[in-house]
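Note that the chains are named A, B, C and D in the order they appear, and that numbering of residues resets to 1 at the start of each chain.
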Amino acid sequence: MMSLTLMAICSGTFAQNINRMELGDYERVKDRKVYHLPEIPGFVTLTADLHMHTVFSDGVVWPDFRVQEAWVEGLDVIALTDHIEVLPHKENIKGDHNTSVESASRVAEMLNIILIKGTEITHGMPPGHFNALFIKDANLLDNDDPMEQIKEAAAQGGFIFWNHPGWASQQPDTTLWWDAHTTLLEKGWLHGVEVANQHDWYPVALDWCKGKKLTVIANSDVHEPVNSTYDLSVPGSHRPMTLVFAKDRTAEGVKEALFSRRTLGFSGTQIMGSEELIHQVFYASVEVRESYYALERGGRKTLFREVVNPTDLTFILEKDGEGQMDQRIELHPHSIAVIRHGEGVELRYRLENCWSGSSEHPLVILK
Amino acid sequence: MMSLTLMAICSGTFAQNINRMELGDYERVKDRKVYHLPEIPGFVTLTADLHMHTVFSDGVVWPDFRVQEAWVEGLDVIALTDHIEVLPHKENIKGDHNTSVESASRVAEMLNIILIKGTEITHGMPPGHFNALFIKDANLLDNDDPMEQIKEAAAQGGFIFWNHPGWASQQPDTTLWWDAHTTLLEKGWLHGVEVANQHDWYPVALDWCKGKKLTVIANSDVHEPVNSTYDLSVPGSHRPMTLVFAKDRTAEGVKEALFSRRTLGFSGTQIMGSEELIHQVFYASVEVRESYYALERGGRKTLFREVVNPTDLTFILEKDGEGQMDQRIELHPHSIAVIRHGEGVELRYRLENCWSGSSEHPLVILK
Amino acid sequence: MMSLTLMAICSGTFAQNINRMELGDYERVKDRKVYHLPEIPGFVTLTADLHMHTVFSDGVVWPDFRVQEAWVEGLDVIALTDHIEVLPHKENIKGDHNTSVESASRVAEMLNIILIKGTEITHGMPPGHFNALFIKDANLLDNDDPMEQIKEAAAQGGFIFWNHPGWASQQPDTTLWWDAHTTLLEKGWLHGVEVANQHDWYPVALDWCKGKKLTVIANSDVHEPVNSTYDLSVPGSHRPMTLVFAKDRTAEGVKEALFSRRTLGFSGTQIMGSEELIHQVFYASVEVRESYYALERGGRKTLFREVVNPTDLTFILEKDGEGQMDQRIELHPHSIAVIRHGEGVELRYRLENCWSGSSEHPLVILK
Amino acid sequence: MMSLTLMAICSGTFAQNINRMELGDYERVKDRKVYHLPEIPGFVTLTADLHMHTVFSDGVVWPDFRVQEAWVEGLDVIALTDHIEVLPHKENIKGDHNTSVESASRVAEMLNIILIKGTEITHGMPPGHFNALFIKDANLLDNDDPMEQIKEAAAQGGFIFWNHPGWASQQPDTTLWWDAHTTLLEKGWLHGVEVANQHDWYPVALDWCKGKKLTVIANSDVHEPVNSTYDLSVPGSHRPMTLVFAKDRTAEGVKEALFSRRTLGFSGTQIMGSEELIHQVFYASVEVRESYYALERGGRKTLFREVVNPTDLTFILEKDGEGQMDQRIELHPHSIAVIRHGEGVELRYRLENCWSGSSEHPLVILK
């Protein structure tokens, strides 16, 4: 058959006949996932992956497939960020540094995905790799000097972040901040840092974001199909992403939110960002119901309380307060926990999977 | 180890040490599922399974395990309905016809599950099998004459329904209504019918409900652990259940709703009940977004529209209206479909998986 | 990070440190699957997909990714068969009709996958689409006349088969054989037919194979990543494939087997091909154990017998013989069924999911 | 419907009709799993769970359900070991200490499961909990003195093992051997130890087995349905079990093997037991193919070698030898790894997931 390229969404089906039977056993269902995420007042919550590759640099898929997989996975925003410098397919690929994004724009429009023009500036350490988003012409960044490249990106109004600062190939011992990054910061050319990239996350980078007022970013940096890097059949699974709290669901809204640092990193079951945003997200996610008395096994009357998490987020709570209460509560996505507690006890817990610094977990009270 | 009987909900964990390591690879996570179901004005939507067995008749599990599995699966309401007449374990079981429910009540209270006292009256056809719910003393139903039994159940204020009317062992050819059922109906002793039981459903029974003002009921009739009869690892899977639209989440609320016929059957991906309730449920479930123009493959500009189903229900839509629109839309749970349509077209569809009669599917308009 | 392009097989892992933590929750494990398939005397059983696309025609993945996904899925043989005529990416792709296969050869050698040079000749009906395998130079087939193209393929020693003969876009009413195909057959330029392609299968094509001595072929014709077209997380799932019974595991062995018609189609749970091969495969797959007496429920003594299927194939048996025996036996992959039967009964069954003609199912005896 | 108690294996199915439709969406398929396990010369490999509970002590399922779930999971041998002392259901259960096993024997015979009569002797520490298998009359063990009970079990020819020696409730600090156990050992009344129980394993217990010539045992100690304690939908999942290398597949064969210490523990992906048995199992499981040269990415020619694991076991290999070879190889069940190595290098690895002592991992050579 000829390629559908864009999967046939909602297509009418041909009738079968005796000489053409359908074998649907293992057919992949292609729906867009609905994300259940909390909203915080004044903003919409957008799911964004701001770092990925296509055949136009060292990825293995055609650009519009990136839109299609994002659609299936329920993302709102993607940036295609093919390398300026790493072009292993160049012998067989025609086009310039803008081609990748341009060729995906029709499908993005059709599927209502916000597609951001980006590119990756790729150097040894220092200064390492950087993504520039919302640029106008990536070809103007094709230049040997990283500082010139970044300057040009900034001149185009780009949002620039440092990629995978703890990548073992570039920072084998530990995750260090270099003088070059101070320079970039001082020039106003550095706006964010990836605290999580693919399967890694870099706790110290969260401290940098806090101390230097940089935006928290988490991305997949995927080169293969996403479902080849992540096993998306695992319940609750997802690629690493940045949660963006935007004024509206537009590219402009995303840009404003990124420059305003209204983001959280979300990788695996971990959530990274400011204490304030984590608090807002937690309290907007979790419903704590009225306590009630019932007999425990053994016959002792105890207070029980349901804690409801109807979102796609996970919250792991460890007891932080005084008094009788359960030690650990795992609020998996779309689940309810029943907890036990003593009378008059303040249910104070530490969010073990949420990070407001390299060793800081926000506290919450279940009331 | 000694039995936990009631699974350890939210328990503190012992620290490991070098001589006691945990192997968590295949450990079952025990959370209560959050159901995402639409609410209709004035009512809460409760998930109920009103027919199941324990070791006290011909089931294979202890009563309080029925509460625990219902808790995990996210049910609000269960009725234990052990047979009066079928007691294969009686040589090794002590207790009367009330013991089963009574022994499960402590765990039900602790886990906030509404536990309804019931029993199954079990005879050949006619009249077949009946469940009596909300009875006060099942022992008073231990009697050879089905009419006497049902009369007693009614005298106790019971809600009585005919079980699996199309069970092949009792109705091998087709699903028939007998004179005995007319008698029961006329005496006011028959209030509902199972339109779905375990893996079967009986379309004609839905016509009876409509014509004779009987309540639509769907149940698992489970004898084994639920997860041995249904594969609950399949995404979206669930046992057959009755959706109850109750004034409040109490046993009294459930009783009032059952007698008032505010229920739908929900088995597999099928939904059965009155057109009015299905309409309310559909429109409370599905969000239809603004249409937008985009280029199709091939370059034609077309109207696209997102249809969002954030619930655990499935809706299969087949085109019923005139004009250009997609032929078939499958709205799986927690999914978004993008549909194409012509300008000014009324998007009228037939809900193929929703039944308001043995051959009636409600119509809906996507606007 | 830079692309791995070829997934890091068996790589050493970097140690984590406090500032680089791994989040392995949803990481895709990349192993090659072991296929459990029966061997028949004198031959090795090879799993082959002989029809697929890359970005060099209308697919969305780079050629060496096709090798990698085949490796993971446990295939032995793939043919890359990009279209001569359908080149939607040509504006951005450089290379000729041989580039696709050539660029994948290094990875194929490393992963020990047999990579066959192929191409797809693509025309309206008649004659439709054809794959030519084992050709030497696809560029010589770039020609407007299908007969000339096929002639050239044959001259290069190619194995030529008709693709998806019942494709609804080309044969909307039913699956017909045209005069053009008779011509090809008479000239010796047609060697096989796809009886299954993607999610479809064409029963009548199996009759053609039998009557006209054509090789039975089944393929995925995949354009996207395989895991986007098939849900490979379903236990037992696989893309459509041709089982090749070859003298050895080499490209030459595959070619000899194809020209000798020693193949079966395997799509979904269906198996298509000659009665003789199906018999050989069934008896080499299934172990029938000694019968034994035991009490049935109810207390009647009956003969029981275990039937063991340790393979990745499915066999669905329907009673064909006389006497007391179970009506239907479903031998799923890696499963054992216990069947009941009368004394002295010949256990003759029809293989419902195996097809030796459009309406012929081989018979087997369980002894 | 009435209970099937024993699931309907291989039953004929009733035809559907317009008024009885089947909804098979989530129906649990009930097949017996085929285990792919290596055989070692002279023995059959049996899968055994020798510790579990029913409603006759503190379990929640009827005894014959234990046989049915074992059948589905592919076990060959189970022992029902209800407590003598812990009888929370006794108010509602009739029967003596033999009833549990006796009531399951018919189904065991029908399904060809080896059912071993056992019981659990249940005391505080010391001496803790013990299972006695192959006893003749459990009622004679109903006695307050653990020493008298164990003596009686030994007098009946029982095989006696210490259960969960590191259970946190009885050994909160670490896993200790007490004088009482020395006494039992000296009297010849102690034959084995559970090195793994439910989700725990106790490395030091493996040293005891080695030093004191005790049999290595691993069990589920399950009280709920197995699928409620373990998530059996996870690929490769299984309850903890003892692999028994028996002269034949009979109860006598199992008994002889247990007394002869021909067992391995198998819990999660870990394997515990003697170095000799682990070596035999590894080399009977894994096929190492001929090395071949191919180009790595970057263009260097390297030796590659396929290592094939067609079993249900996992082997994790860490480099132990000198020279160039991959650092870590994960041989998941039914998978093939491709490894790289230097010329003339001996591929010596340590089996990280196999334990021949609390800190000993057998070494293997891939040749």
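By our rule, contacts are C-beta pairs under 8 Å (C-beta built on N, C-alpha and C of every residue); 3 or more make two chains touch, one makes a residue touch a chain.
For clarity, every value in this text was computed on a predicted model and none was experimentally measured.
**Q** Chains touching subunit B and subunit D alike, please list them.
**A** Joint contacts: the list comes back empty.
**Q** Counting only C-alpha atoms to place each centre, which chain is farthest from subunit A?
**A** D
**Q** Write down the chain pair with more C-beta contact pairs when C-D is set against A-C.
**A** Per the contact counts, A-C leads.
**Q** Quick one: subunit A and subunit D, Cα centre-to-centre, how many Å?
**A** Going by mean C-alpha positions, subunit A sits 41 Å from subunit D.
**Q** Report the inter-chain centroid distance for subunit A and subunit C in whole angstrom, where each centroid is the mean of the CA atoms.
**A** Centre separation, subunit A to subunit C: 37 Å.
**Q** Note the residues in subunit D that touch 2 or more other chains, in rising order.
**A** Those would be 5, 29.
**Q** Which of the chains are touching one another, listed as pairs?
**A** Touching chain pairs, listed by label, come out as A-B, A-C, B-D, C-D.
**Q** Spell out the residues on subunit D that touch subunit C in their complex, using ranges where they run on.
**A** So the residues of subunit D in touch with subunit C come to 5-6, 9-13, 29, 31-34, 36, 74, 106, 109-112, 235, 292, 294-297, 304, 306, 308-310, 326-330, 332, 334-340.
**Q** Quick check: in the complex, which residue numbers of subunit C touch subunit A?
**A** 1-5, 7, 14, 17-30, 53, 55-62, 64-65, 69, 83, 86, 88-89, 91-95, 99, 103, 122, 129, 163-164, 166-169, 171-175, 196-205, 221, 223-225, 227-234, 237-240, 267-270, 358
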